[in-house]
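For clarity, chains are labelled A, B, C and D in written order, and residue numbers in each chain start from 1.
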Amino acid sequence: MQIGMVGLGKMGGNMAERLRRGGHDVVGFDRDPSLSDVASLKELVSRLQTPRTVWVMVPAGAPTQQTIDDLGELLSAGDVVVDGGNSHYVDDQKHAAELAGKGVGFVDCGVSGGVWGLDNGYALMCGGDRPHVERLMPIFETLKPEGEDGFVHAGDVGAGHFAKMVHNGIEYGMMQSFAEGWELLEASDVVKDVRGCFSSWRTGTVIRSWLLDLMVRALDDDEHLEGLRGYAQDSGEGRWTVQAAVDHEVPLPVITAALFARFGSRQDDPPAMKVVAALRNQFGGHATTS
Amino acid sequence: MQIGMVGLGKMGGNMAERLRRGGHDVVGFDRDPSLSDVASLKELVSRLQTPRTVWVMVPAGAPTQQTIDDLGELLSAGDVVVDGGNSHYVDDQKHAAELAGKGVGFVDCGVSGGVWGLDNGYALMCGGDRPHVERLMPIFETLKPEGEDGFVHAGDVGAGHFAKMVHNGIEYGMMQSFAEGWELLEASDVVKDVRGCFSSWRTGTVIRSWLLDLMVRALDDDEHLEGLRGYAQDSGEGRWTVQAAVDHEVPLPVITAALFARFGSRQDDPPAMKVVAALRNQFGGHATTS
Amino acid sequence: MQIGMVGLGKMGGNMAERLRRGGHDVVGFDRDPSLSDVASLKELVSRLQTPRTVWVMVPAGAPTQQTIDDLGELLSAGDVVVDGGNSHYVDDQKHAAELAGKGVGFVDCGVSGGVWGLDNGYALMCGGDRPHVERLMPIFETLKPEGEDGFVHAGDVGAGHFAKMVHNGIEYGMMQSFAEGWELLEASDVVKDVRGCFSSWRTGTVIRSWLLDLMVRALDDDEHLEGLRGYAQDSGEGRWTVQAAVDHEVPLPVITAALFARFGSRQDDPPAMKVVAALRNQFGGHATTS
Amino acid sequence: MQIGMVGLGKMGGNMAERLRRGGHDVVGFDRDPSLSDVASLKELVSRLQTPRTVWVMVPAGAPTQQTIDDLGELLSAGDVVVDGGNSHYVDDQKHAAELAGKGVGFVDCGVSGGVWGLDNGYALMCGGDRPHVERLMPIFETLKPEGEDGFVHAGDVGAGHFAKMVHNGIEYGMMQSFAEGWELLEASDVVKDVRGCFSSWRTGTVIRSWLLDLMVRALDDDEHLEGLRGYAQDSGEGRWTVQAAVDHEVPLPVITAALFARFGSRQDDPPAMKVVAALRNQFGGHATTS
């Protein structure tokens, strides 16, 4: 089917390519003219037959908001917009309401897969009204990996990004679990072949997983990770997961600890621990004057 | 090769069976005469040709200690004992020293795989001197799953159980990660198809794993887990992992949080929270009398 | 000086009383006519001489928003509103902007002290422009406890509630610290006189504090807290503290753990632990079918 | 009464001095001849009249073990040894059993107060048989602060050090609570006068405490703690608290988080976070090659 793709960066560009390989007619727009099929978002809209389908694949926040606003001006009743970026689920509900005022449908879609997605497919979690989702199914079928899994219509608008957010929260906890296990093994002098342990665990154990496979690849390149700093960014979904947990009164100790470990990794000199040091000095300092 | 197997319960019995299927000559002893090939540990030892190999597969703690003590009396210099149970790595070092005094070798072996192991093989992590491990390789080769992975000689005596302990610690963190994500999804009314999310994640996502597969099986049986209590036992390795972390000054926030979540799940009325309630009453209670 | 007090509940009523004892002219309004000096907010405003000062002491959220909106209609340029409730600091900034459009000043003030405050004074943390704060100083001087401490002008609008929020976050961590220590002492059979320990700690130790004093009072009433359930509410500030920490990328493991302990105390059957139980069953369940 | 004091360092020396000021006859021994009243432990014992009382105030672990062993050789039935150092409560039970074999009594005593103790008294938590504790009461009365509190006979042998251990665990949690609150206030640009907030909290708030007083002293010296590194040691009791919690299946999230924050503060480059970085690189790295 025909689809407009807004944002042709690493993710959007590969998704457009996978859709074309699947026989779809993709019209792409990007601010970078060298990537774009059209000169403007307006031209993109004019190139699509009604009812139109436009997939937005731009950074979350202001760029997505701007694109939704612009599409609200350009599209007509009966069209559908998909936000496939990493938007906060609360924003989805706002975007859907804005577009609904003009008769334009809205579907949010969390996308996982990164650069493996072009060849292996993208795991998709979407939220929205059933008729909108059904109209998009040919697109979803082409983007998703082969087989039964890799796609879910999780619920109403916002459900796709909510599900993706929680997926990433789980990912934080799993990554930190492997990380802590590795640190303990390296800290002990009992186990000599830490890399060998992780490698051996890929078969027959409870913890076998794609993350374990990636970890073994990393250790094969650099057995003691000497070339890396213990410094980790976080992408937003982890924070939203913790904030959603607080809003829902759900205790989330593991996922939160994983997020805080990332925050901590970016502190050269943790301010809180200056206070602990200061208090310890107060005990000791008075020792010398009493 | 010939091997004595002490303990023919669910694990030991299946392992003996897998070894026999693999062509080994297994003499089994169990306190339950209906399972046992011989009448006593003494008879088991007498049935083996020197140098003997005896695999101990009994509960950790006192039963393992007793078996090691008894084997120390019965075996001869040049024999080798394998402890395949869930012993604490610190005990391994003691057991090895005890047996070394009689010229008997010792290898510790962490075993993962549960009831899947009979058919699919057991993931093995062993610790001990290279000559002892090498003598046991035909046994390890038969027990382990097919393929490159599933076995590691992790280091000296204790390394096998240390590695298995950390494996289980990682498992605690991963299980809790999935658990927290599920709770948050169920708590929100945005996502309607929580089971569908987990199911969809089996392909194309970062968190795909055997635990995720098991989780989907569980949700297929009981979508909202209504038939279960939120109550989880712990097996010892999680505790040892946390204690080892404290001994090694390694922060382990995620794995520890997963362990504490299990402790907490077994408390009807958490005592600490009585104190919090009491303190809050003190604020309010004095309100009414002031 | 003259001040209008909106909200004459437990907190507002006592504060009005303390102000009157201090010689101020307080005109109080409450929705409950039996508490109120005037029939309406409009009458309250008409009774005050310009430039007016109105202290709002109603529940955070909608009631405070409504009162601010109404005062915005009724007050004149040069008047000042103080929000002494438990508002979120983000709302303060919105309220100040709304009122500023009409030339009305705004000061936010976090108030601590509960029912002890009437006699002992209220600890006050305020935020706002210096001229507004200075005009209010006679009020603050009367409300605060005697002595140097108990009052801070913490910063611009929002700083008062931000400081109060963090105060409460610290309080959560301290309460949980005592709670955990108590639970461990009660769980061990080594220490026989747990109450005696807490009581003894009131002098000469590092942890002596008002919370410890309250705890001893609670244990004096009910040594093993048998009359209480391990169930604790939370008031909002703890949640905002954690969410502010996430927004500021500050790791807050202790305060967050204290908040999550409260969430957990309200769950009869923690959903996350159903997942852990389900996964453990999957291991074992397959054991019976293999 | 007469007492021998073994170990005349900062703690033992001041305690001996406080006892002398209180009218007791103290014979002190230290390995440093310039501090010692006698040439040897043997001479100390010979200088005391039976039944003797000897207070051991040396570092925990090997030095305490050696002193207990030596006293076991030198003392007679009816004498009593007090261990006032920071011993692990498990060691107390062993020491008591060793001495009991010779008819020598044993009391363990946790001591808090640091350098303030000489003038203000030491908070004391002791464990042991009632007759031994009663014989020591004149000593305890002199060492403890004035007033009702500051002393507890917590239970049988080990209870004193157990109680002191938990006291320190609570202290860890409280210090970290203040530390996290301070970090969040400093991270935000809403609050301008962070020191002023802490200072103001000393009166009228829920969190007023000796630790808060110390914190204000520290901030008065160095408002933003710029002269300090965010690096904190831990003394052993925090670790034992966590390990005791695991042994007793008591969830201790706050105290454990405080301990782990100290561990983390001593890592320049947290190894676990290298794994997280490595896994993130694996996602991205493959992006560039696909």
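The definition used in the following text is that a contact is a pair of C-beta atoms (placed from the backbone, for glycine too) under 8 Å apart; a residue touches a chain by one contact, two chains touch by 3 or more.
Because the structure is a prediction, the values reported are computed rather than measured.
*Asks:* Report same or different for the chain A and chain D interface, where same means the shared residue numbers exceed half of all residue numbers found there.
*Replies:* Chain A and chain D contact each other through largely matching residue numbers.
*Asks:* Farthest from chain A in C-alpha centre terms, which chain would that be?
*Replies:* The chain farthest from chain A, judged by C-alpha centres, is D.
*Asks:* Compute the rotation angle for the C-alpha superposition of chain A onto chain C, expressed as a multiple of 5 degrees.
*Replies:* 180
*Asks:* For chain B and chain D, what's the span in angstrom between their mean Cα positions?
*Replies:* 36
*Asks:* CA centre of chain A versus CA centre of chain D: separation in Å?
*Replies:* 47
*Asks:* Please work out the Cα centroid separation of chain A and chain B, and write it as a whole number of Å.
*Replies:* The mean C-alpha positions of chain A and chain B differ by 34 Å.
*Asks:* Among the residues of chain B, pick out those that touch two or more other chains and give their numbers.
*Replies:* In chain B, 116, 176, 178, 180, 183, 187, 206, 211, 249-253, 257, 260-261, 264, 267, 270, 272, 283 touch at least two other chains.
*Asks:* Which chain A residues qualify as touching chain D in the complex?
*Replies:* 10, 114-116, 118-119, 175-176, 178-180, 182-183, 186-187, 211, 214-215, 217-219, 222, 225, 228-233, 253, 261-262, 264-265, 267, 269-284, 286-288, 290
*Asks:* Would you pull the chain A residues touching chain C in the complex into a rising list?
*Replies:* 206, 239, 242-243, 246-247, 249-253, 256-257, 259-261, 263-264, 266-267, 270, 272, 283
*Asks:* For the complex, give me every residue of chain A touching chain B.
*Replies:* 89, 112-113, 116-117, 120-125, 127, 144-145, 147-156, 158-159, 162-163, 166-174, 176-178, 180-181, 183-185, 187-188, 190-193, 196-197, 199-212, 241, 244-245, 248-255, 257-258, 260-261
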